[in-house]
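Multiple structures are listed underneath, in structure tokens.
Each of the two complexes below includes chain A, the first together with chain B, the second together with chain C.
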Partner chain A sequence: MTTLPQSTNRKLGLVIDLDTCVGCHACVISCKGWNTENYGAPLSDTDAYGSDPSGTFLNRVHSYEVQPTQGEAQLIHFPKSCLHCEDAPCVTVCPTGASYKRVEDGIVLVNESDCIGCGLCAWACPYGAREMDAVEKVMKKCTLCVDRIYNENLPEVDREPACVRTCPAGARHFGDFADPDSHVSKLTAERGGMDLMPEQGTKPVNKYLPPRPKDTLSESAGDIDILAPYLEPVAQEAKGFLGWLDKTLEKL
Partner chain B sequence: MNQPKLDLSPKVSDEVRKTTCYMCACRCGINVHLKDGKVAYIEGNRDHPVNKGVLCAKGSAGIMQVNAPSRLRAPLKRVGPRGSGEFEEISWDEALGIATDWLAPLRKDDPSKLAFFTGRDQSQSFTSFWAQNFGTPNYAAHGGFCSVNMAAAGIYTMGGAFWEFGQPDWDHTKLFMLFGVAEDHDSNPIKMGIGKIKARGARVIGVNPIRTGYNAVADDWVGITPGTDGLFILSMVHCLMKAGKIDVNYLAQYTNAPCLVNGDEKSPEFGLLLRDEDGKELVIDRATGKLTPFDQKGVKPDLTATHRHAGISHRTVMQHMAERYLSDEYAPESVAERVGISARRIRALAAEIARVAFDEAFELNQAWTDFRGETHLTMQGRPVSFHAMRGISAHANGFQTCRALHVLQILLGSVEVPGGFRFKPPYPKPATAHPKPHCRVTADSPLDGPHLGFVHGPDDLALKEDGSPARIDKAFTWENPMSSHGLMHMVISNAHAGDPYKIDTLFMYMANMSWNSSMNTRGVIDMLTDKGEDGEYVIPRIIYSDAYSSEMVAYADLILPDTTYLERHDCISLLDRPICEADAAADAIRWPVIEPDRDVRGFQSVLCELGGKLHLPGFTNEDGSQKYADYADYIVNHERKPGIGPLAGFRMGEDGLTSGRGGVNESQLDNYIENGGFFVEHIPDGANYYKPWNAAYQDWAVGMGLYDSPQPYLFSLYVEPMRRFQLAAEGHGDRQPPDHLRERIKATMDPLPIWYDPAPENKVDDFPITALTQRPMAMYHSWGSQNAWLRQLHGHNPLYLPTKLMRENDLSDGDWARVTSPHGEITVPVLEMAALNENTVWTWNAIGKRKGAWALDEHAPEATRGFLLNHLIHELLPPKGDGLRWANSDPITGQAAWFDLKVRIEKADAPAESQPAMKPIKSPVGQGPDTLSWKVGK
Partner chain C sequence: MHPAPSVIFFTVFSGIGFGLLTFLGLGYPGVMGWTAFAFFAIAYVCAVGGLMSSTFHLGHPERALKAFTQWRSSWLSREGWCAVIALLVMAVYGMGLVFFGERWTILGLIGSVFSVLTVFTTSMIYTQLKTIPRWNSTATPAMFLSYAFAGGALLAGQITLAMALLAIAAVVQVFLWAQGDGALAGSGTSMATATGLGNIGSVRAFEPPHTGTNYLLKEFAYVVGRKHSQKLRIISIVLMAVLPIALLAASFSHMLALLAVISHVAGALVSRWLFFAEAEHVVGLYYGKR
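Entry: the complex of A and B
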């Protein structure tokens, strides 16, 4: 069994905005590209051009349809990767100490040289955020791009996770949740950022911003005639309209 | 606690090379990280005007395109029957020798025997120049089957359209409304824009039968009945006009609303605009009450005046519009049922537009001077912006629908103003400033001018002296007079039928015509393989260039293998489809950041070589030698006009490097590479809004070489060229349409937007459901689904059915359904989707693959469960019983009406695989490897 640190100096993580995520998978593939080439073993693909291709991904986007009791159905895109939980069950379950949570920033990592590929951590994670690499037989997971965020070989502006850097809609934000003045803490406070499955007691660091209310101009939204004054007629027919036009031009 | 020591600053790469992406048509800037000379990682270029650092899934997966096992390796000569996939590899010398032997006699005797069509070509100003020099009239790219309605309607109406032509004012807009935008179009800029405006609380309204992608994040989703967008828009126009929620000053100053329409029913100019001797539109000046050209200093054009002369009343365009659109025909209550949106909701949406456009209007403190010489102290903002794409244009009423949307924008005064829609250089550029189509063929000589352009009346049609079509695709004929992008989807069927004439060689580039890029895929395959009584192929010769083993390869006789996008030179040119921003002119290059490891050549370089061998004037020196060694040589040294070349940046001026106009700079490509692969020149403050009428912008554009002289113009609410075709159909003029087309021309070529229903011609009574496609954000065209990473996101494509149709047909997820159209039948797997118009089904386009193509296993899900809707769509409409077959295209532009497809659905027993299942083709490149697990440089 492996122990978690009592506390971490910083709590680095992501805010993911479900109101703007268009489900484009840019984060998924950017992550695949960076992490194939960087931290630990490459992310492999088996049967890559065959009938049942299957690869290792540290971040995936799921799409869910929501059908409110009233009003139009909605489609929510839901990116999911490791949430770097404060009480990470994937760490405490690890028999070799390979899974650990960093004291300095709270990032949960797998030390691949100690990983025996038993898969217990993946079973323990309630979010399904870990994937066993089929070729290397080691557990892979989001590293929060630990090899980017401090990397002195990168320009300072690029020292953020690959998924954040690439997100076209700006739906992903990276920062320190231990700092109440950080961009991510403020966004979470302003937009009602939520924990994923808080009942699991894992205290996830990553937060999700809920979609804003939708379809306020539809029949199901109730009083949609509230805007009717904006369409108050100036005339009922062409002749009256031309008279109004003439008066309006005169005033200009 | 023993934490391992990590290397937190690993070396990222040996070198970063900056070039332009080609994983779709967005043309984002990319940083290609190399290790040991190999591509290790691709990310967005932060400095690039298009993507500003971000990159989509396709772009990041580019590394798997460069590694793709489907890459062609060497020129191929067909040795088996067409369609078998049996080839032998040959040398480039032999390949170019064959091509020259085939093409030289055609050029010598009749250049029109060559049909040269380039699909997703990003070098159209170059390929068209080659075709023009060859002398064939038969050239176009893929616009005719893509979105010509959007482009042509925009240019005829306001001198620009969406995407490459313009963009919302993301910094100021408060309401953004999208119509029919599939997930893949203008991919990163739209996502970035939506993210940006949502971050500051602006709202998004999506109008689309399908709620995915941008429509999924839209604040309001309007799940309209497909094909009725034009009626919905005109109903909002009705509401806004009736409420006086229109920008009267803007209409009077900058549009042809005050222009006078000839009211003399007996005149051959009935319905045309009154003009002075110089051809300038006439208006009545409110100050003097007199008739005057629109552009005179101090003129206050009157919107409501009537000019009476010789007993005839000539009324303004505005009066004609009031008469038409205030009619109850367009009242929300009259249209609600057809568009599938309640009358209350139509009013609420129109009211919201009115509220934002007028109650949230603002002014920028920026003085500017208009073309009449009047200086304005501020710039009036109208913070409502629109974007639309194929969803509204790929219908037989698409041109008029796109026109209706632009008329709505213009009525609001929200084009080229702060918060509205803004043009990107070289736009604004009115239809009158574009070339006209050219089609005069002379043996052994170039064509008499550019192939494609904008017609202004019957005189500009591409007809031979006997009145028959000059072009193989029948573009610019009475069947579709304003077909500005040609009709690529008609080329093979017309060539097969020998109608309007027979050709010898079909030469194509990047166009998967035997698969997802054709209507009637099975029929097209039969045409490509059909033999005459003499045992020879009906289409005698086919040359094809592609980088990958696509389905089309098997149907060509000679394959010229192209490079991948990281192994080539390209220019993203202002002469073509540039990458400008509303605030800047910009262009870019591709350059070989890696060298090919196969015997392949960039297609454009091959054309330089072929041009030399064929002694085409533009490609040959005076001594008869080849003029351009390769495409890079052309990009740097070609001048279209003195001082104007393919690239506008880093040209040679008198005092060193300059932008826009300038001489050849031999180091130009190096300058681009040093600058990150692109060039940007910002529009000065005060010149960047009101561009069609802003003297400062016009002067800047002349300096940049975008125009030769200032070109201020009025927006065309009323499109006069359309009226000229109606006049011909009414019997005026020498060039007359065939009688069977007269009524249709009169009905459809209305100079003010109308809506008509294409559903009856598509047998909606028997086939009541509309079937649509869109491409996913993570995939583009067909090559995405053999990308080892992307195919794991979208490896097969179910048919999505709304809940109502699932229940009616007793279907559950994973069941199979037979989908029948007037033309054909497919059997495919289904999935339920609630956020979908209840009479619409849809699927992802171009995921389905032919067995044997793209180096995929024959059991790949793309081939066994994937499918194409193309089997259900014919290039002709179902027979009407009049003895004629009408094209499944817009009667104005010829745009392929993909989204008019009507079907019916019934539950089917699960077949072993999607139907129709076509037999495998032999792969010329074998099959891809099983497992991928690698790090570059390790």
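Entry: the complex of A and C
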């Protein structure tokens, strides 16, 4: 049924820390690996070794340059996958019922055997989180690794999404946002976790932690190292040939 | 948005087909027998041909019947229902006219209502998308309906009415363009809100996630031909409305009427191409496009 549930028992999702992410794309690769080998149709690549390679990915990492009005520009790596929205527009537009949001944990999934590949759900998603597979012709999206998180055949440490398990920087966190004491809820509260495109009204479950403010070197004398006076530049004026050149050019 | 030919043909021809069925259902023209058969044949070729063409852009057309299940929430599903009901009711009504020389007025009225609803539900598939601010406007259903009525009246041979409806369609179309040009900027969605980084400073896409292209860029970030859009707009308005009105006003002959129809369809196809090609999807913002 593509009408959305009134509420879900749990709200599973991710916290992505834009301060910590180093843009290594390891989460992209582990996602592609897990989701190609497990649940649903594999994520295809076309012309992978040719001149026009293209492929289906459920998680992609953008990089942005942000220029503040004062100070240095910052480079921010920005992983993006399905945000498992509470008001998911991708679900309500689906004509077949292939797209649905689960009542038990809020995960948004596609039942691939019902999908007619009309693409309308991808049109409705503001975040580019859905991609039509070029070979299988069905809609693919992040499943929050639903086949890992409840999988009792895996060691307990592996029962989290592949991207979270892989991230070498600890920039990705998985948990239940409906529980105010979960570490994802606490992180969001502490660090000012934000929604992407809040004006679209999708109420994303996934939250992004903004980059922390950059350190600044204080101008006040007290903060300057005690050895600073000894580090004054020694040569104040050019001597020798360069000094002569400087003076001569000055005169001209 | 990628202007897929199958969807352009579908919306233009099914619009005209259901427009003609609307008029036939109301008894304009009040034809019977084999003349009625000819009118109904044209309407069904347009409407059904359009619907068939829309299935070409499905990844799995063999599962198309499943699309009837979600009418509670999905405009695409509702469109399917309206189209099937309209076509079935009008088939019975048409049979009455062609084979029994009977006009079952109520049936015609029901068929007309569902024909209009089909065009409306089609337009709502596009209108509902907040992700495409240019389409997310009441002017979108107004445009689809005015095209269907104008094209339908033209094919139904309702000359004076057609001239008025063509003029209305042109006005609505120009309004939709004018409004649409400011829609993305007015929507409040920008790179700043897309990334949430806007309160630090101005955001620039530094490196995309992939070196090659992908589904998202092909489907949503179509920009080819946008620089010609002003010229194409003029061409489409002239072909869609101005020329047909002039031809109809000149003097009535079947030859001129046929030319008017051809010109209208060509103009509608250009306009529909622009409808897709000019539509900016907010996902392009993540790639620094728009």
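As a working rule, the second predicted complex is superposed on the first by the 215 of 252 C-alpha atoms of A that agree within 3 Å, B and C clash if a C-alpha of one lies under 4 Å from a C-alpha of the other, contacts with A are read in each partner's own complex, and residues count from 1 in each chain.
Just so it is clear, a contact is a pair of C-beta atoms (placed from the backbone, for glycine too) under 8 Å apart; a residue touches a chain by one contact, two chains touch by 3 or more.
These numbers come from a predicted model, not from an experiment.
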Report for A:8: first if it touches chain B alone, second if chain C alone, otherwise both or neither.
-> neither
Touch check for A:206: first (chain B), second (chain C), both, or neither?
-> neither
Quick one: classify A:182 as touching chain B (first), chain C (second), both or neither.
-> neither
Of the two partner chains, chain B (first) and chain C (second), which one does A:65 touch, if any: first, second, both, or neither?
-> both
With the two structures laid over each other on chain A, which partner does A:111 touch: chain B (first), chain C (second), both, or neither?
-> first
Between chain B and chain C, point out the one touching more chain A residues.
-> B
Which of the two partners, first being chain B and second being chain C, lies in contact with A:170: first, second, both, or neither?
-> first
Examine A:53 and indicate which partner it touches, taking first as chain B and second as chain C; both and neither are also allowed.
-> both
Please indicate which partner A:230 is in contact with in the superposed arrangement: first for chain B, second for chain C, both, or neither.
-> first
Touching A:81 in the superposition: chain B (first), chain C (second), both, neither?
-> neither
Which residues of chain A are in contact with chain B in one complex and with chain C in the other?
-> 3, 25, 28, 52-55, 57, 65, 67, 73-76, 97, 114, 136, 211
Where on chain A is chain C touching in the complex?
-> 1-3, 18, 25, 28, 52-57, 60-69, 73-76, 78, 80, 89, 91-98, 114-120, 122-128, 131-132, 134, 136-138, 194-201, 208, 210-211
Residue set of chain B touching chain A in the complex reads 1-4, 6-12, 35, 40-44, 46, 51, 53-61, 63, 69, 183, 187-188, 191-192, 194-196, 198-199, 205, 211-214, 216-221, 223, 239-245, 248-249, 252, 286, 300, 302-304, 318-319, 322-323, 326, 342, 344-345, 347-352, 354-355, 359, 777-778, 786, 788-793, 795, 833-836, 855-857, 859-861, 864, 927-936
In the complex, chain A touches chain B at residues 3, 5, 19-26, 28-30, 32-34, 36-38, 41-42, 44-55, 57, 65, 67, 72-77, 97, 100, 102-103, 109, 111, 113-114, 135-136, 146-147, 150-154, 157-158, 162, 165-171, 211-212, 214-219, 224-225, 227-228, 230-238, 241-242, 244-246, 248-249, 252
List of chain C residues in touch with chain A within their complex | 1, 57-61, 63-64, 66-70, 72-77, 80, 125, 128-132, 187-189, 193-197, 199-216, 219-220, 281-283, 286-287
